[in-house]
Structures are given as structure tokens and as C-alpha cells.
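Below, each structure is written out as C-alpha cells.
Shared between the two complexes below is chain A, which pairs with chain B and chain C, respectively.
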Partner chain A sequence: MNEQFRDLLLTTLLAVLFGLIFSGLMLLFLDKNPIEAFGILFSSLFRDKYTFGDIFVKATPLIFTGLSFAFTYKANLFNIGAQGQFYIGSVISAAVSLSLQDEMPGALALIIVFILTVIGGGIWGGFVGYVKARFKTNEFLVSMMSTYVALNIMDYLLRTVLKETKGEYPQTDSLSKAVWLPKLVQGTRLHWGFVIAVAAAIGIWILLYKTSLGFRIRAVGFNPEAARMSGINAKKLYIITFFISGALAAVAGFTEVNGMQHMLVQGFNPNVGSEGLGIAILANANPIGIIFAAILFGILRTGGLIMSQMANVPSSIIELMQGFVMIFVILSYFVRSKLEIKREKSKLQKVAGI
Partner chain B sequence: MNKDWRRHDYGAASLIKNGRMMNTPFFELRNITKYFSQVIANKDVSFPIFRGEVLALLGENGAGKSTAMKILYGLYKADSGDILMNGEKKRIHSPKDAMALGISMIQQHFSLVPAHTVTENIILGNVHGRIDWKAHEQEILELAHQHGFNIMPDKLVRDLAVGMQQKVEILKALYQNTHLLIMDEPTAVLTPQEAEVLMQFVRGFTANGNSVIFITHKLKEVMDVADRIIVMRNGIVSGDLKRAETNERELSRLMIGREIIANDEGNRRQPSKDSDVRLVLDGVSIEEHGQVPKLKGISFSIHRGEIFGVAGVSGNGQQELCEVICGAIKPTSGRIYVDEKDITEKEIRDRIEIGIGYVPSDRHKDGMVMDMTLAENMMLKTSSDKKWQRNGFLDKRELDAYTEAAIKSYDIKAPGPNAVVKGLSGGNQQKVIVAREVNTGTSIIVFDQPTRGLDLGAIDYVHKTILAEREKGKSILLISTELSEIFALADRYTVLYKGETQGIYNRSELTTEEIGLLMAGYGLERSSGNE
Partner chain C sequence: MSIGLLARALMMSTPLLYGSISEVFAERSGVMVTAIEGIFLIGAWAGFAGTYLSGSLFIGILCAMLAGVLTAALYGWITIYLKQHQVVTGTAINILMLGFCAFFQRVIFGVPTIPLTVKPLPVIPIPFLSKIPWIGQLFFTQNILTYLMYVIVPISYFVLYKTSIGLTIRSTGENPEAVDVAGINVEKIRFSMVLIAGVMGGIAGAFYSIGYLGMFATNIIGGRGWIAFAICFLGNWNPKGAFIGTLIFGLAEALAIYMQSIGGNGLFPNELFIALPYILTIVLTISRKSYNVPAKLGVPYKKEE
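Entry: the complex of A and B
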């Protein structure tokens, strides 16, 4: 067990390092000094607490969308619609916040907003599971297409009932301060959304590994035929799993709207779904791993942005870094399993006395 | 152990067959060693293969027979050791290399394309550019004729019987000019009659100076057809003997390291026929429109404390029969009763609650979740049961204790309840399923080929468990392709052929030959009428 943990730390660190080295090579092509650039990247993170806090601000929605993909993945289902579920969650959060903010105390409003977002996003996601259970549709396609539907619903609402009172842009009015998620650390943008995200990750881990529902979800994911033969109703699980998955992605909308933007802007955070998918893969769909993977992405995003401004390199280098790091982290899984096999083998050879 | 089994010295005593001198072996494995992540599959395996001989590779499942042959065929790479052909070292890195040297291997699961014709399958991978179908069909017909096979080259493989498909596999090998044919458990899917045809081919093929390697664990088959026998146990060669100089007793001793105790259960209780009927199938059929019926008018009943056997070649409706009883598929007509209650429309979950246990034949696919732990597999069927829950969470301690008890009482060789079942041997995996189903099946247990692929120790254990459960008054449906198993355990039995039962017989009412005929679809009346 100890050896495995050592491998995990070592290979992951090496993978991140390799990812940076390769993206550094790309900087060389641009005649920039990569060491200097990366120096800025990392030193800037600790420059002030505002920047440092931003790492976790960036990580927050990614934890949710990462969990959203990972959770269905455990049941061997693919939820490609986290982006749409995120938008549905954003729309519900913004609309409910706007209508409740003057009616009741902020804390109570926030709780209602949160609950309605969970239910709304859950139903939106659960629909994908329902049509799969009922009509055997392909959840991959339905969830992917549902994103476009969600996007258009948001556009429609932002041009009609939710449109700002000024009537200039397709965006809502600002939420009143009462329904903002409180700050976690003063002087930063870091809000309680991050705590909710970490709690959600731990909660999902408990659900998967410590409850019988999670057990059945994993059983269906590993071997649907054996699960069926054991009297497990996979159809019911499709709906439940997609409900939870949709709710997770929708809560990302809640934390972004009530914690960060404090309004709803058309088509904001357009990559939160696909990056979440990448994070889930990066973490091998482990809920706890997702927290760290999202923070890693937060570091690259926050530091990368400052680096691109200060070292005068194009900001697309951030995506390049994310891409390289992801490739090497995924490769590290194979390296680890090789190491594991080699260890087993040498153990056997020792026993056999060869 | 000492090397007293090496009775002949290949260097000095030359083997003479068909008038040829054979000093140098055709092929030779020398000190082959192969590790898998968890086990040593082959350790220092060495043996020669001579021209013109039928070599049987005998051993229990997991003894390393298939691994050694897959190394020879280039599917696996040995960690150390050499392969020699005519005394020269050869490198075999892929089946393509092996085929170039004239080696072919027929896997247990055929590698044919069902949607293609016989001809297409045979020439696959050996043709380029425009294909002259007529010429190829002619060529294949001639090849088939030469070896006494009666085959139609333009038929689709999916329409052929299993025995016929095997012939296509053999022809595919012959078409590639094979001189060494490796067959992995070739008779497992055949009726006794079909097996005899295969044996005739093998004799003819080797008479021309070719060699055949049979991978098998059936002693009888070995004594029938082999010239020489290599016995493997736990990854090492434990015996290398000429057929003429050995006997089944010695072989079994080499194979399992002890002699098989004759499996004769003395105290058999004859169940009462008129009372205590538990499971009744009444005219159960599965007939989808426009398809060959999978089950046709199956009717039988099983009493309390009775083992009802179903013999037959696999693929004749056994799986459907099991699934119809455990609820995975619904019959298109007919009813099923348990204790006089109609359960025909009940779902799997309800039937588990009634107390129907099911040990499926394909445990990897239907019986367990290989990536989960032993404990998790033990609760697979009862995951929503209150007894595993505490405050809404899984009660791990309770489950571990339960699993620990099963490990102990079934003698499952595993590091503990939290070991992943993938890492267990086949026999121990099967014990996990049996342990679970014996607990689930409080009134009826369906065993579908419960000992397939198990070593003799595990087989013995499963048999003892089945008999013990019968003693407790459970009703047991035992489906097996091994006649000896049916004979040893079943109180009454039937034979399944193409989804139909061929009469119900008491134990020892029929001879092996008679059952063989029933299994092949010859009714008894017809055969006795011919006499």
C-alpha cells in the first residue's frame, strides 16, 4: 500500500513536470525563455492572497462538472451534457435569486435557490437517464444534444423574461448582495462555493463506496449482466445516476452565479463542461482525486493568465499546458500499473527462489 | 520430486513411427518460463514434439497447458527459454511467425466470422487483390475431401453446427499448410459421435507425418488418441510418458498429485415421488416469431431434496432453461410454479426473495463482478437487504464477518474479504459464487455447469456441497455437459437437445451410449428399432 502511494505521488509529480517541460518547449519556439515564464507562473501564485484564492475560485465549478462526469462514468454511462446542466443550473439560480432576493432574508433565499437548482438540474439530467431506461436511447448523444437545448433556453430567457432592466445586453440584472454566496476569505474572490464543492466530492465518494446505492451503481458499471442477474434494476439506476449527475453540474451554475458573477451572462464559462470531463479522466474518476485535479487546473489557469500577461506569451499557452499535463498524467496510469506488475513479479520470483 | 518419470531418453532411443527415424524433434520447447502478474504460469517447461505423433497436453485448469501452447503459437512471449524447430532456435513473436513455421492453433472459442461463408473464413488473410471464388471453393472442397470432411463451402458459418464450425477451423489451418496443429479442448463442444469423427481426422493427419497437440483435461480422451502424454501441474511438467506405458491411474496421480477417489456416494435417499413437489415447469417454451425455438414445451418437476440433472451438449437451450427459472427471461408460453404458486411473471428480484439461487455457467459474465472485492460479490444479490445496513450506510464489519465465515467454511483461498476476485483462481471464484447462491437459494438452486474449468479438488468440493444442500431438502437443478457428473449426482435426469427434453430417466436407467445418442438428437426408439 505504501509503495503504491509513493508511486502515485512520484508519477503524478513527474507527469506534471513533463507536461510543463513540453509546453516549455513550445515557448522556446516563440523565442521566449520558458524558465523565466514558468518562474512568473509559480511566483505569481503566491504574490498576494487574491491571486492565491483565485486558484480555488477557478477550481470550484470544475470540481462539480468533474464529479458530474465521473459519477455517471462509475455506472459505465457517459454524461457529456454537463455544460448544458451547468447552464440550466445557472438559469434557475439567477431567476430564483432575482425573484426571492427582496422577499426574504438572504440566507433563506440562498437555501431555496440551492434546493431548486439541485431539483431542476437533476430533472434535466434525469431526463437523459429516463429516455435511456424507457427507449434505450444512447445517453451519450442525448446528453450531448441536451446542451444545445439548454443553451438555447438560456438565450431565449435572457432575451425575454430575464433580460436586464436596461435592456441592452442579453444578461440579467445584478443580484443584490443579500443572495451572494459569502466570502470565505476577505480580500479575495474565494467564496463558500469551494467548500460546497469539496463537501460534494466527499459526499459522492461516501455515496459510491459506503452505501448500497453506490454499490449497485458500481456493480452495474463494472458488469451490467451480472448486476441484472442479481436482481439489480439497472433502469432505475440510470435515472437516479443521471439525476445526481445533472444536479452536480447544475450546482456549478449556482456557485458561479451566486458566488462569482452575481448575474447571468449569455454563454459564460463555455468550457466548464469539457474541462470537467478532462478533470474526471485526469483523476481516474475518483471523487477525491477530482478535487486535486481541479486545483491543478486552477493553478494552471490562474498562473497561466498572469504569465501570459507579464511574459508576453499568447494566453492559449494555458490550454496547451493543460493538454500536455493531462496527456502525461494519463500516461502515468500505465506506468504505475507496469510498476505494480513488476513488483508482483519480483515478489513471485523471490518466493520461487529464482 | 525426483525425475523418475523421465522413462525415455530422447537422445538415445529414437522414436520410430510410420517407418521414419525421428532423432531430432520436430519442435521443442526448452526451459520456457512465463510469469503473469499474480502467478507463475510456466516454470522451466521443456518437452519435444515429434513428427507424426499425437501429443496430449494433460493438466488441470490453470496448470499452464494453454499458456505453454500460446507461447509456441506466438500469442504470448516467454520471459525466458527457447523454441526450437528441427533443432534450430526460432523466434516466434506472433501467430504470423508461427504460421510461417507451419504451426496452427485452434482456440477453445473459435475465431470465425459468423456472417461470412465457409470459403471466406478459410481464405481470410491469405488472399490479395481480386478473388477467384470458384477456384477457391474448388480448392477447399478438395482439401475437405482429402481429409474426409463433408462441407459446403458457400454456407454461412453462423448456420453451421458447432462440430461443423470446428471442421472449418481445422480446414482453415490445413489451408495454411499446417504441420503442427494445436487444439485447445477440442471435444468440449462435441457430441461423442462428433468427437469420434475428429479423432479419425487426427489419426489420418498424423499418419502423414504431421503432428497434433491436444490440450485437454479428460483422461479418457488421452488414453484413446494420444501417442505421448505430457502432464502439467502448477506450471511445471510433471510427467512425460508414452501412452502404451502408462494408465489412467498414473496420469491422474501426476495431474493432481494424488489419486482420484472414486466418486461413489453410498447413502442415497430416494425422494418420494408423489408428494413434496417444489418446482414445476409446465410446457415452457421460448419461441420468438421466425426464429428457431430456444426451448420447446419443457415440462418437468423437481421434488424437495432431489437433484434433477440435465445432460446435453452445451448450446442446446441450457442457459435459456436456467434463465427462465431464475427470471432473467420470460417464457413465451407455459407456466412455472414454485410450491404451487405461479411465478411465471415474477422478476429476478422477487425470485431471489422466494429463494431461488443460480450458479451460472459463465461466472465472469453473469455471476460476479470481477473488479469488486470478495465481500462485495457476496452481497451482490442482497445489496438492498437490511442486514447490510447501519444508519443508511453499508455495515462493513457485518459484511466482512459474513464473508470471512464463507471463506472459512468453503475453504476459499483468498487473502481476505477485501481481496479483488479478479486475483483469485477460477476454482476459488466459483466457490465464492457457490457460497453466495447456497445462501440465496433457500429452496431451489440452479447449477449450470458448476464444475466447468475447475480443478479436481474444487470439483470434489462443489459436488459435496450440492449433495449436502440436497440433504437439507433443497431442490436442485443440475445442468452439466459432463455425463459423469450427471451420473454421480442426479437422482433423475433428462437430456436437452435443440431446446427439447428427450424423456426423463431415473439414475442408471440408460447407458452412456444411449445418452450419447440422445445428446446427438437420435431418439431412443429409433436406435432401438434399428437393432
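Entry: the complex of A and C
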């Protein structure tokens, strides 16, 4: 194992540990025993198949939103709008599923839903890249604001055309079983969405590191000026990168609606975008690392929820844990850069010593 | 358009102005305060909690300022001294604050059966001036924080463009090497700007909880911090521009509240009005021709070693 990778692993693990310790200390304000509470968190994960499967259920959308952020990040672009792209994907998935479910075989309907979600989310995200390419707008601002627009589009549709037939709550009717993503393991909620997510992560890794498009994307991210000089069309890349990023976040909506919720509920999963960003940071924007980081967040979500019920702790402890973990992971970036400098120095000294 | 609506617009633009002016100062010195959403949120919470527990709005606002400045200090330490990425750090802090406020709301207040409320900031009509028709109702029948806003705009303009401190701040964002050579500590300037943004952002957040609603909920800010952040861009990093921007957004927000209160107008859905400030930001960001982006915005200062 080379030294850099060892540092990465070690500092990240320490960061996660510190994050958990800090949030554990917060439990003292509630007169709770943190060790007992965290004991419940981790032991409950293994109490049955259903709970254990839930870790991966929770991780599934986070892999997509993590990839969504990491992908633009590689091009030194910022897509802060994954939450909105996720909602757009959810709306398209629910609407198309509901209109196709009685018209054709489920498998065919699912494929069409998937394709339309990718295209719709891609266009919604690609718009951000387009205005950046065409008008040099700040993609950070536009993507951020597009989330709130998407949220209101969802609210509007759930109040009007997509509203359930009973007309009571702002949610759609349940999808018929034919258009549910099939279960991966019986007796759990785990569905094929997780497999799609892992495949997407591997696909994005190949795209970034093994194709010329990926090379160009990373070149623009590394040094836009040099990339331009070498004839890379950055403008086109902005649009493509944001299209793919938006599509990734939108597919999270597809797996949640067709795999998990089987309906669209107003304002569900309100943190999936920012958690995705946290996961991307945790994984150092590495697509494969994102799978593991998302599973960690899945553990915190699943175990945190059970802990909050069994130990009578507010469920906001989950955001607290995630927030602290993220802060410490950022601090670990700093520690790693210091370690790196120290190593370089000692190498130089060795050379000079000879 | 009724005068009541305009008065409400002016009120709604108040916290946005506190946020965007402080963002102007910080960004002029080279740091984006991307933790602004979290600073607003903790300001709203601390303002509410402080007021509820002490019974004094004044102490509530002090708590909000303190909470804001502590959050900003954490942000400033990580981004300026440890030189970590500003967008990434801001997002982490925003999530942390979300958990923190929800958690400590529960720690302190438990699960109340009826929603907790405090008496919001009173409207103080200014003697004589408030009697002037139209203008009196619009400008001089507001709460204390809105009155302060009238003073903050010219003062910050003056400080930024007419004083040597302002020149230093602007140079720090444009050419930190030169500032450093002149013997001024770049990091110290930036850190103080971030702290000021913490104080102002805390007050802005408190405006949403105790300024007129008199209550707290974790979704109370709902992206207003980001709007203030955007206004700073749209206003071209200038206090005057920020002021105009906040008025436009205040009006959009007042209009949205008004439309909801009358139950919509049939022609346009309510959601369109709620989304209006956000759509407006996108449209304005796109249509803006030239920007005066501070040259070193978002770039940590690294001394040659």
C-alpha cells in the first residue's frame, strides 16, 4: 500500500470517528449515555435482515447524488442543484410510471421511465451548463436556485394534476406493482436500484479515467487555460458535464420512486442533495469511494433512526452526525496536505544528505 | 399596488440586506461566505431561544449575533487559515447547523404540545415622520432593524470606497500579494470580514424568527441565505447594488406572501410566486452582462515559502 493511500484511509477513518465522538458528546446535553446510544446504533444494524438491507436502501440515492456532485467537481464546476434534479427525476418517474403502468408490460414501462428520467434530469441539469457556456453565468448560483424552482414545480403538480385520486394529501397514487423495481433480497426493502447505483459508480469511474471524454473533463478541471490552449472545447464540456450530472441526480429520483416509495410524496428526502455533496467530499470525489461513503451515510441514517426511537433521542442527531463527520473530513484534508509536505521535505533532505 | 404591500416589501428586504452587505464586504476581501445559509439558520434559532428564555428581544438579538459570529469563526478558520475549499466547507457547516438547531431546539424545549411563540419585534412609528402620508407609512412605520438598514447602506458604501480600511479590504480581494508586501496581514483582514458577516448574518437570521413571526422552525430560512448570497453577485459586489437587489427581492417575497394570503388569482399558480425570487435570480444572473468579480474571490492566500 503506498503512503498516500494509507494516509487517506487512516485520516478519513479518524475523521469519521471524531465526528461520531463529537455528536456523541452532544447526547450528554440530553442526559443520555453516548456509549449506550451508539451501542444501539451499531448493534441494531445487525438485528435482522430487514434493517441491514435498509443501509443499502438509504445509500442508493446518495450514491447517485454523490456522483452527481463529484462528476462536475472533476471539471472544477459546481453542481449544487442535485436536490432539484432529484425532484425533477422523481416527478418524471412518478408521472410516466402512472401513465404507462396499465398500457404495457412492466419491464418495458420501467425502461421507458428510466430513459425519460435520464433525459429530463439531464436537460434540467444541462440548462445550468448551457447558460454557463453561453452567457458565462455562475453555475454555482444557477444550480442552487434551480433547486427551489424544481421544488415549486413539484408542489404545483402534486397540488393539481398528479394529486392522488382521494384528493387528501399532496402525493400521487401508489404505482402498480408492475412498475416497481424488483426486490434484490426477499424479506428486505433492498431493490435493484442499489445495483444500478453501483453500476453507475463504476461506469462514471470508467468514463472519467478510461475515456477521452473523461480525460478532457479532468483536463478542464485541472487547468482550464491549458485545456483551452490544447484545443479542448470547454463550452461543450460544460453542457455535457452538467447533463450527465443532472441525469445522475435524477436517476436517484427514479430509484426512490419506483424502488422505494412507490409513489411521489411532497418534499421527500429533503437532504439528499447536500448529503450527496458530503459523500463526495468524504470519498475525495472518487466514484468508487462514493459507494463506501454512501454506505456509511446509510448506516448513520438507518442506525440513527433506530437509535432515536429506542433511546428517545431526537432524529436530528443524524444531521448532527453527518455535519460533524463532514467537518472532520475537511480537517483531514488539511492534515493530509501537511503530511504530504512533511514527506516531500524529508525526501529532499535524504537526497541532500547523500 | 397598496402601500401596505410596499411597506411589507421593505420589511422583507431588511434581512436580505444585512446578509448581502456583509457578503459584499467578505467577498471584496476575497472570501465567499458559503456558510451564510447556516449562519442565518443559527441566528434565527439563537434569536428565538434567547428571546424565549430571557424574555428580552434585545438579549435574543445578542444571542443571534454571538451564534452567528461563532459559526462564522469556524468557517473562517477552516477556509482562511487551513485553506480548505469554500463551497465544500460551507455546505458542511450548513448541514451541521441544520442538525444543531433541530437538536438543541429539542434539548431546550422538549416536544411542546402547542407551538412556542414570542412577541416579535414591535413596529415603532417615528413621531411626526410616520404621519407623512404614504412615505410615513412606508418608511417610518417599521421595526428597529429596518431603521438600522437605512443607516447601514450609506455607512458601508462610505467605508468601502472612501476610507483607507475600505481600500485595504478591496485590495485584499484584488491583489493580496501587494497588501502583504505593505505589511498588512491578509488572513487577518479576511477573517475579520467573515466575522462581521457572522454578526450581520446572525441578525438577519433572527429577523426571520423574532422579527415578525415570533416563532422558530428548522425550515424557516428556506434558501434566503443563498438569496442574500446571490444578491451580492447581482449587485456587483457594491453596497448600492446590494440595496437595489434586496428591494427587488423583498418585493417579490412580499408579493408571494400577499398572493398566498388572498388565495391566488386563478391565472397563475401560487407556486409561481413562491418561486419568483429564485427564478428572478436565475434570469438576472443570465442577463447580467459584465461582472466586477474580485480577482482573488474564493482563492486562499498562500505565502511563498
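Throughout what follows, the second predicted complex is superposed on the first by the 351 of 354 C-alpha atoms of A that agree within 3 Å, B and C clash if a C-alpha of one lies under 4 Å from a C-alpha of the other, contacts with A are read in each partner's own complex, and residues count from 1 in each chain.
In this section, a residue touches a chain if its C-beta (ideal position, glycine included) is under 8 Å from a C-beta of that chain, and two chains touch if they have at least 3 such contacts.
No experiment lies behind these values; they were computed from the predicted model shown.
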Looking at the overlay, does A:K345 come into contact with chain B only (first), chain C only (second), both, or neither?
first
Touching A:S230, do we find chain B (first), chain C (second), both, or neither?
first
Specify the partner with more touching residues on chain A, choosing between chain B and chain C.
C
Scan A:F38 for contacts with chain B and chain C and give back first, second, both or neither.
neither
Between chain B (first) and chain C (second), which does A:F324 come into contact with in this model arrangement: first, second, both, or neither?
second
Would you sort A:F215 into first (chain B), second (chain C), both or neither based on which partner it touches?
first
Intersection of chain A residues contacting chain B with those contacting chain C?
none
Residues of chain C that touch chain A when the two form their complex:
74, 78, 82-85, 87-89, 91-100, 102-104, 106-107, 218, 223, 226, 229-230, 233, 269, 271-272, 274-275, 278-279, 281-282, 285-288
Inside the complex, what are the residues of chain A that reach chain B?
206, 210-212, 215-216, 218-219, 222-223, 225-233, 340-341, 344-345, 348-349, 352, 354
Can you check the complex and tell me which residues of chain A touch chain C?
26, 29-30, 78, 80, 131, 135, 137-138, 140-142, 144-149, 151-153, 155-156, 159-160, 271, 274-275, 277-278, 281, 314, 316-324, 326-327, 329-331, 333-334
Residues of chain B defined as touching chain A within the complex
33, 35, 37-40, 43, 326, 328, 347-349, 351-352, 358, 360, 365-372, 376, 379-381, 383-384, 388-389, 392-394
